Amino acid sequence: MKIGIVGGTGYTGAELLRLLATHPEADVQVITSRSECGKAVSELYPGLRGVMDIPFTEPDNEVLSRCDLVFFATPNGIAMQSVPTLLDKGVKVIDLAADFRLSNPADWQQWYGVDHACPQLLDEAVYGLPEMNRDAIRQARLVANPGCYPTATQLGLLPLVQNDLVEGSVIVDAKSGVSGAGRGAKVASLMCEVSESFKAYGVAGHRHLPEIRQGLSRMSARFNGELVFVPHLTPMIRGIHATAYATVKDHSVDLQSLYEQTYENEPFVDVMPAGSLPETRSVRACNQCRIAVYRPQGGDTVVILSVIDNLVKGAAGQAVQNMNIMFGLDEKTGLDVPAIMP
Amino acid sequence: MKIGIVGGTGYTGAELLRLLATHPEADVQVITSRSECGKAVSELYPGLRGVMDIPFTEPDNEVLSRCDLVFFATPNGIAMQSVPTLLDKGVKVIDLAADFRLSNPADWQQWYGVDHACPQLLDEAVYGLPEMNRDAIRQARLVANPGCYPTATQLGLLPLVQNDLVEGSVIVDAKSGVSGAGRGAKVASLMCEVSESFKAYGVAGHRHLPEIRQGLSRMSARFNGELVFVPHLTPMIRGIHATAYATVKDHSVDLQSLYEQTYENEPFVDVMPAGSLPETRSVRACNQCRIAVYRPQGGDTVVILSVIDNLVKGAAGQAVQNMNIMFGLDEKTGLDVPAIMP
Amino acid sequence: MKIGIVGGTGYTGAELLRLLATHPEADVQVITSRSECGKAVSELYPGLRGVMDIPFTEPDNEVLSRCDLVFFATPNGIAMQSVPTLLDKGVKVIDLAADFRLSNPADWQQWYGVDHACPQLLDEAVYGLPEMNRDAIRQARLVANPGCYPTATQLGLLPLVQNDLVEGSVIVDAKSGVSGAGRGAKVASLMCEVSESFKAYGVAGHRHLPEIRQGLSRMSARFNGELVFVPHLTPMIRGIHATAYATVKDHSVDLQSLYEQTYENEPFVDVMPAGSLPETRSVRACNQCRIAVYRPQGGDTVVILSVIDNLVKGAAGQAVQNMNIMFGLDEKTGLDVPAIMP
Amino acid sequence: MKIGIVGGTGYTGAELLRLLATHPEADVQVITSRSECGKAVSELYPGLRGVMDIPFTEPDNEVLSRCDLVFFATPNGIAMQSVPTLLDKGVKVIDLAADFRLSNPADWQQWYGVDHACPQLLDEAVYGLPEMNRDAIRQARLVANPGCYPTATQLGLLPLVQNDLVEGSVIVDAKSGVSGAGRGAKVASLMCEVSESFKAYGVAGHRHLPEIRQGLSRMSARFNGELVFVPHLTPMIRGIHATAYATVKDHSVDLQSLYEQTYENEPFVDVMPAGSLPETRSVRACNQCRIAVYRPQGGDTVVILSVIDNLVKGAAGQAVQNMNIMFGLDEKTGLDVPAIMP
C-alpha cells in the first residue's frame, strides 16, 4: 500500500512514521514538509535512523496522487485545500486535523474562524471512531480522524449515552500531556513553563467541545446537548485522562456489565475490572483506551475514567486503525503491541 | 517563641522547618523523630545546611512541654496520643494530621478505622482555616490544620456555599502533586511509577471527603451534603489544582465580584482577574491560594479553579499562618514571599 | 521456543515481558515471583493487559527445566543458586544480574561481599556483549548479560581501546535515568527525591567499575587499567548517556571513520554523523546504542558520547539479542523497532 | 536603593524580581521590556501577584539614570550599548549577560561574533565572583556577573588551581537544567523535546569555555590553560552540577581540609563533609554552592562535585550578592534562605 503523509514534522506526523515503519502493509513513499524539505525524516527524528530514512519533500498533489492513501497531519485548515483534488484522483484520505470532523459548516466557521473550503464534502466525510462507525469507515473515501479529547471522552460515555441513561448535563474534566499542544515554538510549551505545574485552559470554550457534543448527540437523539468540558494541561509528554461525571438515576443497571458487553469485541477498548484505576502510562505508545466505571458512595453520579495515549489512539494510532479498516486489513495490524512501562 | 515539632522527617515537617527557619519570631528548639534520632535535620535535608542544624531527638513530652507551641507533623492517629498531656501543661498545639479535623468521633472511626483516643477534645479543637475561623483560631489551644485538598476546595467554594447559591450536588475534581503521598518508601510513589503518568485514586471514597463535606455544611445549613470528590495524582512534586463544578441557577449574581469581595481582605487568597487560568506553579513554595471563576458558555454550571501548594497553604504554611494568629503576630509574618517561578 | 523468566516483577523483568510479548519465536511459559505469586503479570503491569496475562508462579527448578531458555531478572546473587541445576538439565540461561559477569571470583567477592556459589562456571559463562563476543555467545550455555553502564561505556570505547589509541587513564562520566535503581521501595527512588534534581553517586567505587575495567582489558592487553568512573542520577525514567574522555596522542587517525568501520555491520550500534549530539530519547524503548565522537578544539582529549536505553540495550533488549544469537535466529528478531519520540 | 532592571521578561529577570521583592534595601523602580511594555510584571509572572506589580516600560536611559543601580538581564550584546551612558551619569551597573566577562576584546569577537561596543570598559569591569574578587567588587562601578557554568566550575576548582596542585588538562563535565536555555520560544526547549531525555551540547566549543579558562588562569599563572568543557542538558528546570576531573600527583595534601579552609568564611560556598553527594535540589532557589571532593580509589585523579542553582548563584542571586557588596550591605541580605526541598 503506497502511503503519503502531508505535514510530517509535528508530533502526530512523527508518530505516524513510527507506527507505519513497522506496519507490514504500509509503504511510506512520500512525506512532505515545506520547512524541512530535503532533510531526512531521521535527521529530524533520530529515533527513526536506520528504520525510516526517506527525505521530506515539497507538498505536490501530483506526487501524492500516486499514493493509495494520504494522511494529513497538518494544522487545521490545510487539508481542506487539497482533499477534493486527491479524492478526484482516486486517493483515499485520512485527515488527522479538524477539517472534516464537524458536519455542520456553520460549526466549523464558529469554532475555527474561517469559512470551510469544501463544505460539500462534510456529509461524505466519515467520523473515524471505529467503535461507532466501523462500517462507514470501511466504505469511506475520506475519514476525519477524531480529536484526542473527543476520543477518550466519547469512548468513556458511549455505553451510557447510547442507552439513554444520562440525565441532565455531563461534565468532562480532561487532562492532557503537553504533546497535545504540538511541536510549535511557543513559550507556553517550554519545559520551564509547563513542567512541575498544572493548569486548566480553554475553560470558556475549547474546540473539542462541539466535536464531543456532536458525537454524543449521534449516540442518542435523546442526549440534551448539555456538556461542560474543561481541559487541563498536565506535566507529562503523552497521555490523556478524561474523568466524566454524569447523573444516572436508574440504579438497577449494572454499569460494569454494560461497559464490558458494549466493548466485548473491541480490540482497542479495555474495560478494566471494577475498582481499577487506569493510569495513562498503561496505554503509553499503544493504541488502547482503558476505562473504569464508578458510582461513588452509591450515589446518582457516575464517574467514568478513560485513558488513551493522545498521539496513538488519540491521533496516529487511530488513523492507522482506520487505514486498516478502509483497506480490509486485520484492524490490529501494526498496532498490537503492549504499552511502554515504566 | 519556643517551638517543638513532632515527626519532622516527612515532607510536611521539612517544609515547616524551612518556613520556621526564616520566621523572625520562631525558635525551633525541639524536633523529634524516632527513626532519625541523633542525626542533624540538615543531614537529612541538606538544603537546610547552615540555616538549621539542630538534631532530631526522641519524642519526649517532658521536653516538648517546655515549648510554647508544638506542631505535630506525624501520621494520622499519633498526635491524639500526646495532645491531652501537652495541653494540660499549657502548651498550644497545631496538628497537621487529621486527628482533630472531624468533629464527630464516629466519622473519625468510620474513615480512619480506629477509635479516637481523646474524643473529648474534638469540640474544643478549632478547624484551622483562617478564612472561616480566624477569631476562633485566635483563642484556640488546639488547632486542627486542614487537609490539602479540603483547603483548596473549601476556599474555592466558600463564596458560593456561604451565599446559598449552589443547587444539587457539587463535583470536585482535584489533582495533586506526589509530595501529598508523603516520604514513605512505597513502590506507588517511585519516580518510575508516577512520573509521565496520570491517574485517579480514592474514587470510591477518600478521607478528605468527609472533611470537605463537614466544612461546606458549616458554611451553610442549607448545603445538602451531596458531594462527589475525585482526587488524581499528577506527575509533579508540589501543587494542588481543584476544579469544582456547581449548579448555580441564579444568573443575576456577579460571581467575579462576589469572590473578590469575599476575599478582599484575605492576605492569602488571591481572586484572579476574570479569564485567568491559575497555574500551580504560581503558588509554588508560597502560602497563596489563587482562584478563578467561570460560567462556561453562560450555562448553569459554575467552574471554580483553585490552586495551592499542598505543602504550604495545604500544610506547613497554613500551620504557620495559624501560629501567627494564635500568638497575635501579623498573620503574614514569615510567609510574605513570592512563588518560585520557573 | 519455551521461555522461563525468574523474577519478573522488577523493571528489567517487565521489559523482558514487553519485548517477548511481540517476539515471534518466544513463548513465555513460566514467570516466577515469590511476592506476586498467583497474580497475573498484567495485573501488576496493566500495559500488558490482553497481550500477556499469564500468572506469576513460585520459582520451581522442575518447572523451569522444561524451558529451552531461562532468563534471570533477579537481584545479584540469586541466579548463581539455580543456574548449575538448570544447565545440568540442558536448559540455556541468560542472567541479567551480575552473578556471572566478573570472571575472577575474587572480584565478585570484593565488590559483592559474598563468596561466589559456583565459581567453576565463571570461565564458561560468556559475557554477552554481542559486539565483542558474538561467536562465543552463539555456542554458549550460559550468558552473563552486561550491566547497563558497562554496555554504553564499552561500546563507546571499543574502537579506541581495541586499536591501542588510548594513553593514560580513561574518564567515564555516566548519567542514568532512575529506572536503573530498580522497583524497590526505597526513599531514595521516590519521585519527590529524584525528580527536579541531579546528583552523582558511587563516586568512591561503583560495582560497574570492575566490569568495565575487565571489558577494556579484554579489548587490548595494552590497556593499563586506569579508569575513573563516576555515575550520576538524572531525573528521567529511562536512558543512559556515557561521556567518555580519553587522551589520544596520534592525530593522524580519522576517528569518525574508525568508528564507522568498526560498527559497520552491527545492527544495534549507530555511529552518528560527525557533529551529532545523541539524545537518550533517540533510543527510548529500542535496542540501539548511538555514538558520536569528538576531539574538541583539536586537542589530545577525545570525547565519546554514547547513549542507550538502560532497560533495553542495557538489559532486556540485549538479553533478547543474545537469545536470538544463541538460538540461531536473525539477531534483530523482535527488536527491530524505532524509538519512542517524543 | 533605587533599582532598575533592563530586560525583565526572561528567567534571569524574573528571578531578580523574586529576590529583590523581599530584599529590605532594594526598591525596584524601573523594569523595562520592549515586548511586554505596559503589562504588569505580575501578569507575566503571576507568582509575583500582590508582591510586585509594577509595569514593564520601554527602555529609557534617562529614566534608568535616576537609579542607583541598574541590572542588565538582557541577551548578550545589549548591555554594552547603554552601559557607558549610565556609568557617565553615575549609575552603577551589574550585567548578567556576557558583555563584560572576557577582558580581551578579541575573545569577545571570536566567541560572540561581533565587535565589542565599548572595549575601553573591559579593563575596568570587575568579574563578579565574590569568592575571587570581593575587594574589587566593593569598589566597582561595573560588575560582569559570571556565567552559570563558570560559577559552579570555578568555585569547584579554585582551591586546587590557586594552590598549583593541578597537572595537565582539566576536564569539566557539566550538567544544567533547561532554564539555562532561557525563555525564548525555541523548539529545542519544548517540554516534549527535553523532558525524559539527556544530551550533551556545545561539545565542539561552548562560550563558557573561554570564561572558565580566563578564570582559572587568573587563579594561578601556572595553570596551563588546557581545559575540556562538555555541557549537558538534563531534564529539570533549575540546577547545575559540575563534575570536574583533575590530575593531582601530590598525595600528601589533605584536599578536604584545603577546601574547608579555603571557603571557611564564605557565606555562599558550602564544602560538604567527606563522602557527601551534593544534589542540585539542595541549592534550589537559594544562593549556595555546595561542593564535595573525592579521590576515587586513591588514584591521581581528583573528582570535584559542585552544585548551584543556575538562576540564583549562577545568575540573579550572585548579582544580588554583588549588589550587597557594592553598596556596603551585609553580603547575605535578602539571600539568607534555605533551599526548597522537596
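Per-chain residue numbering starts at 1, and chain names A, B, C and D are given in the order in which the chains are listed.
Quick note on the criterion: contacts are C-beta pairs under 8 Å (C-beta built on N, C-alpha and C of every residue); 3 or more make two chains touch, one makes a residue touch a chain.
In UniProt terms, the chains line up like this: A, B, C, D = N-acetyl-gamma-glutamyl-phosphate reductase.
All of these numbers come straight from a predicted model, not from anything done at the bench.
Enquirer: When C-D is set beside A-D, which has more C-beta pairs in contact?
Expert: C-D
Enquirer: Look at all chain centres (mean of CA atoms) and spot the one farthest from the centre of subunit C.
Expert: That would be chain B.
Enquirer: At what distance in angstrom does the C-alpha mean of subunit C lie from that of subunit A?
Expert: Distance between chain centres, rounded to whole Å: 36 Å.
Enquirer: Where the centres are mean C-alpha positions, what is the separation of subunit C from subunit D, in Å?
Expert: Roughly 39 Å separates the two chain centres.
Enquirer: Once you find the CA centre of subunit A and the CA centre of subunit D, what distance in Å lies between them?
Expert: 45
Enquirer: For subunit D, which residues are shared contacts with two or more other chains?
Expert: 11, 179, 192-193, 195-196, 235-238, 278-279, 281, 284, 342
Enquirer: Which of the residues in subunit A end up touching subunit C in this complex?
Expert: 11, 14, 17-18, 21-22, 45-52, 179, 183, 196, 237-238, 270, 272, 276, 278-279, 281-286, 288, 290, 336-342
Enquirer: For the complex, give me every residue of subunit D touching subunit A.
Expert: Answer in residue numbers: 11, 178-179, 183-187, 189-196, 235-237.
Enquirer: Per the contact definition, I'd like the list of subunit A residues that touch subunit B in the complex.
Expert: Where subunit A meets subunit B, its residues are 169, 171, 173, 175, 177, 192-193, 195-201, 203-205, 226, 228-230, 232, 234-239, 241, 243, 245, 275, 277-281, 284, 292, 294, 296-297, 299-301, 303, 305, 307, 342.
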